[in-house]
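Lettered A, B, C and D in written order, each chain numbered from 1.
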Amino acid sequence: MTTRLAIIGAGLMGADHARIFAEELSGASLQVVVDADEARARRVADQCGAADAGIDPEAAILRGDVDAVVIASPDFTHAPLSKACIAAGKPVLCEKPLSQSSAECLEVLEAEMAAGRPFVQLGFMRRYDQSYVEMREALTSGRIGRPLMMHNFHRNVETPAADFTGTMAITNSAPHEFDVVRHVLGCEYASISAWQPRRSDTRVAPVVMVLETLDGQLVTIEVNNNAAYGYDVRAELVGEAGSVAMNHVAYTRTDADLSSGTAYEPDWRGRYAEAYRRQNRDFLRFVATGDFPATASSSWDGYAAAIVAEAGARALSNGTREPVQMIGRPDFYRRAAA
Amino acid sequence: MTTRLAIIGAGLMGADHARIFAEELSGASLQVVVDADEARARRVADQCGAADAGIDPEAAILRGDVDAVVIASPDFTHAPLSKACIAAGKPVLCEKPLSQSSAECLEVLEAEMAAGRPFVQLGFMRRYDQSYVEMREALTSGRIGRPLMMHNFHRNVETPAADFTGTMAITNSAPHEFDVVRHVLGCEYASISAWQPRRSDTRVAPVVMVLETLDGQLVTIEVNNNAAYGYDVRAELVGEAGSVAMNHVAYTRTDADLSSGTAYEPDWRGRYAEAYRRQNRDFLRFVATGDFPATASSSWDGYAAAIVAEAGARALSNGTREPVQMIGRPDFYRRAAA
Amino acid sequence: MTTRLAIIGAGLMGADHARIFAEELSGASLQVVVDADEARARRVADQCGAADAGIDPEAAILRGDVDAVVIASPDFTHAPLSKACIAAGKPVLCEKPLSQSSAECLEVLEAEMAAGRPFVQLGFMRRYDQSYVEMREALTSGRIGRPLMMHNFHRNVETPAADFTGTMAITNSAPHEFDVVRHVLGCEYASISAWQPRRSDTRVAPVVMVLETLDGQLVTIEVNNNAAYGYDVRAELVGEAGSVAMNHVAYTRTDADLSSGTAYEPDWRGRYAEAYRRQNRDFLRFVATGDFPATASSSWDGYAAAIVAEAGARALSNGTREPVQMIGRPDFYRRAAA
Amino acid sequence: MTTRLAIIGAGLMGADHARIFAEELSGASLQVVVDADEARARRVADQCGAADAGIDPEAAILRGDVDAVVIASPDFTHAPLSKACIAAGKPVLCEKPLSQSSAECLEVLEAEMAAGRPFVQLGFMRRYDQSYVEMREALTSGRIGRPLMMHNFHRNVETPAADFTGTMAITNSAPHEFDVVRHVLGCEYASISAWQPRRSDTRVAPVVMVLETLDGQLVTIEVNNNAAYGYDVRAELVGEAGSVAMNHVAYTRTDADLSSGTAYEPDWRGRYAEAYRRQNRDFLRFVATGDFPATASSSWDGYAAAIVAEAGARALSNGTREPVQMIGRPDFYRRAAA
């Protein structure tokens, strides 16, 4: 069976998704690429072999020759377009975030529950990264005992925009960490605190967060969007009997000039190429079977990320230990694996 | 355009190729799977969505609905089946070796040259491995200066069979090293010497080889098929200004029991999953365009590997420094990249 | 010139100091070893070639043939014995802490200032560890830019005693981190917050602390006295242009059983052998010249560690962000290098 | 007891030995420093607190206030001065080589055997390096099974002199490898082969050697005196059940400019500081007790290194697999540990 896809958003991520479905996986055909910039939509459509390009996402969602949808348009469109997919009865792979507003996330949840089956797979691709997969296995196997702490570091070379703020670090970058930690630990958060050091220039300083989970674990997160030296994500899961940490993956090291060095990538795309591939393959299975993938993020996970980010923004602003207050998890969103 | 494939050989490698073409790449459809064991052929055919299964490789090659062929049947069949593909005018991705006999390799070369265009892509997938790609880039960029030496280590947990010999280590395992080193250095060999240490048990001991290239580089190769501790391939390319070495890629490390450890894989399949994918994607491009891939191994490379292995076997047997004597490289097989 | 020493305390650390002065450095002679357990004092005296052993520390301090004193007796004796050394006009190398009470530390400061010259070198040996030396050099050289954050991890295999508490983790173990971070950053703390995760058994859980410095840097500290897997100290200094992190130093790695591993030590003594040697050599120079070593911790540093620990204990107990309120630094304790 | 030393040779190594005995160990006093350049001798004497400086090594050896001798003068003086020490009945720590001539080494052996007790400790300090100590432990413990191979790499930034040759790489640099491998494996060599790649400039190219031991192990050695990138020594000991390899020891790593790097030292002195200290401490014990240290190299080991180097030079010159033909090991030089 071939899944016929509409790609909404032809920017960096949309083009990547189009390429992955067109070249790196079998079983998908791209029908239409949509972007506010029609020429851009056309370029991506041509590259990935889609016949059509357009500017109207709702129309694309409703097309009879489209089985499923990939949303990679600007963040504020994610929730309304996801709802449009639910209304159309079409599974959707939606880039993160579902919405930066937890209230808007709830609307998606309600629409999805009303529809009676899951439609929204959220693109927190980190869950598919081999490092996190192995961390979960370390817990499952009992090799490191019960988890006590998880330390997380998210570093970019620099922020895309000069007016990036600490709050944006929490609401834009940190959700990847919020989500994957919840996934690894299988638990929701109880509280969050946040700090920023002072920089000597005007670029946004790192944000350091400490979170408590309902199971009593501690989670530390550093988001450093101006780390300068490279794109670098680190994580360590500390258990009662040992610890599992992410390795810096590099295929070679170079000895020159009194130094032995391995390279950092400039951005996340190489780092997570395989994770995206696994995620998108899971999406095709989801479309084909209707069974929501055990690993993937759902609308609920999008809501959780938004709630934590909102509390984190308050914590940073107020200098307080903020409670993380979520609605009770609906049975609809209960799964064996968190 | 979809490339319609016949897979010949439904063992470990044949099944892997079938899966890669069926699931991890777009643009291929599997028409038929052939194996001497028809039930095995059927199982792989079912797994990868091929309609037909059979026991006759020649018939499969000749099918009108087959555009190209993948040969993963026993080694002795590689050359005759490759010739059959050439005769049928169909591109073939042939697992290594082309033949363990350099004379038989020459027959393939002659058939291919007579056909007037390249048909045979040889499955020395190491060339597509990111580590070797980066080593070549280190040379191209001038970062480590002119190459002086390349050190190579090939270690398996244990030999598949008890009657594996040192000669077999040279003719079965070492060709991967012979080929990828030629590829990285862009140069042929001048001589080879070989040794074996003594083991305390009857399992085959490692073989250590020293090769000289025509450009005056030294190449050392250790093939240790009973290394016990894990599947482990290492390489270091030493230039006049620095060195580039393969890293042990691991996604996590575990701290437990007074040790910090990273895992080795038990065999080569995980290690080279991405290399196989890249190789097979290149094969689909080759089929589609007729342009032989710059990175891939050709019949010539298969011949070179066989010649070196033959000289290596003599060197081990006689305790001598054996010259590597190849025919002159036909213009047909000259390419910018070795 | 030979410095004639009294060693007070013949436990693990006292015996180590005695051995270092007797065997690993020149220029010292051990006159007397003192311990509440006279037989233990005698054993260490015999091992390190000291003629005398005794049970009276004050008497040893006052001996005419003793030029300087090493205090490695129980923590509560550190401040009174240091004051006795000051009163006797004899330089003292005092194991950490100076006192767990900041008020008692102040008494030592006052005595020392009244004496008109520094006498007390405090045994925060981490400052002499090559890793921290290189971190300071990274700041001095400007290689990583202005410091933004420092992340610190202190892990023991297990606590010495079953009744160890989170507060004790802050007051006993964390002072090493408090001190060396102040030393690297050259700045005092402004606030401290603290958390503990929940363990599944009764052993003390890790403590995670976040500190702000007066210069606006963030410092995170994990003290995990029951880390199980090994003795492990980590640190990373994050600057605006890059980062310097402590390496896990191991002289070999072992490949066996599908793993590549390096060993952790069971305790801190091997890890810091060279740091102790450097510290103690600096102490001999201090005794010989009267110039307080640029690297060493002073009474002031002991006071600072105690103040921070007291605030940390309150922060853990109250769940608050506690200010760190120190007296103004007396000119007496001002040095170029913090 | 204090050992009164004469230091012969006030160059780099002589000054280092003087410093180690004067500052980093107890139990030695420096009586006299000798050098052909008297001013240089005087400078080192002043630095290490020796009263006297001179130009006559024999006179220094014969002084009544000298118990033992350290020889760090030019290589050709090592054997005659060692014999002078034997004749004077004084233990001597002689820098490597004992002599580059195996015949001259035999003269020292004979003199020493005639004297009836060991006098000569040879400065192959590598044996005291923690990495090799751990490799021997890996064999003793059985952790990696019986040894099969040892791979060794010795790299300098560049040769000290422009007229350095491949033969000199074998006779000057490789003996460190010859000796420490014999020490780790506890076995003599049977044969040696040698090669050199071609460089694009006139500096000496690396030498690659393959040796067989009498126990049937294989040993590979690369000596690259113009490696450019740093001082770097590597070794891997491969056993039937696993492998132990030297780690690159670095106390910190730096993340900057899209790279994560650790530093190489420019020369061997930092790398082996602790090994020299251990070696020299062992020498003081040897002087004090008369018991030859289990770890140290003896005259026999100096002879063995010279014989192998001579065979290696022939192998390089002739392109042959040269036998290593030693005299039978005299009982005088038999010890439990090789």
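The rule is short, and it goes like this: contacts are C-beta pairs under 8 Å (C-beta built on N, C-alpha and C of every residue); 3 or more make two chains touch, one makes a residue touch a chain.
Since the model is a prediction, treat every value here as computed from it, not as a measurement.
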Co-neighbours of chain D and chain C - touch as defined | A, B
With chain centres set to the mean of the C-alpha atoms, which chain is at the far end from chain D?
-> A
How far is the middle of chain A from the middle of chain D, if each middle is the mean of its Cα atoms, in Å?
-> 57
Separation of mean Cα positions, chain C and chain A [Å, integer] | 43
List the centre-to-centre spacing of chain A and chain B in whole Å, with centres computed as mean CA coordinates.
-> 37
Chain A, residues touching no fewer than two other chains | 228-229, 241-243, 250, 255-257, 262
For the chain B and chain A complex, residues of the former touching the latter | 22-28, 129-131, 133-135, 138, 143-144, 241-247, 249-257, 262, 274, 281
Residue ranges of chain D touching chain B (in the complex, touch as defined) = 145-146, 148-149, 151, 193, 195-201, 205-206, 208, 210, 212, 215-218, 220, 222, 224, 226-229, 238, 240-243, 319, 321
Within their complex, state which residues of chain A touch chain D.
-> 157, 228-230, 232, 248, 250, 255-266
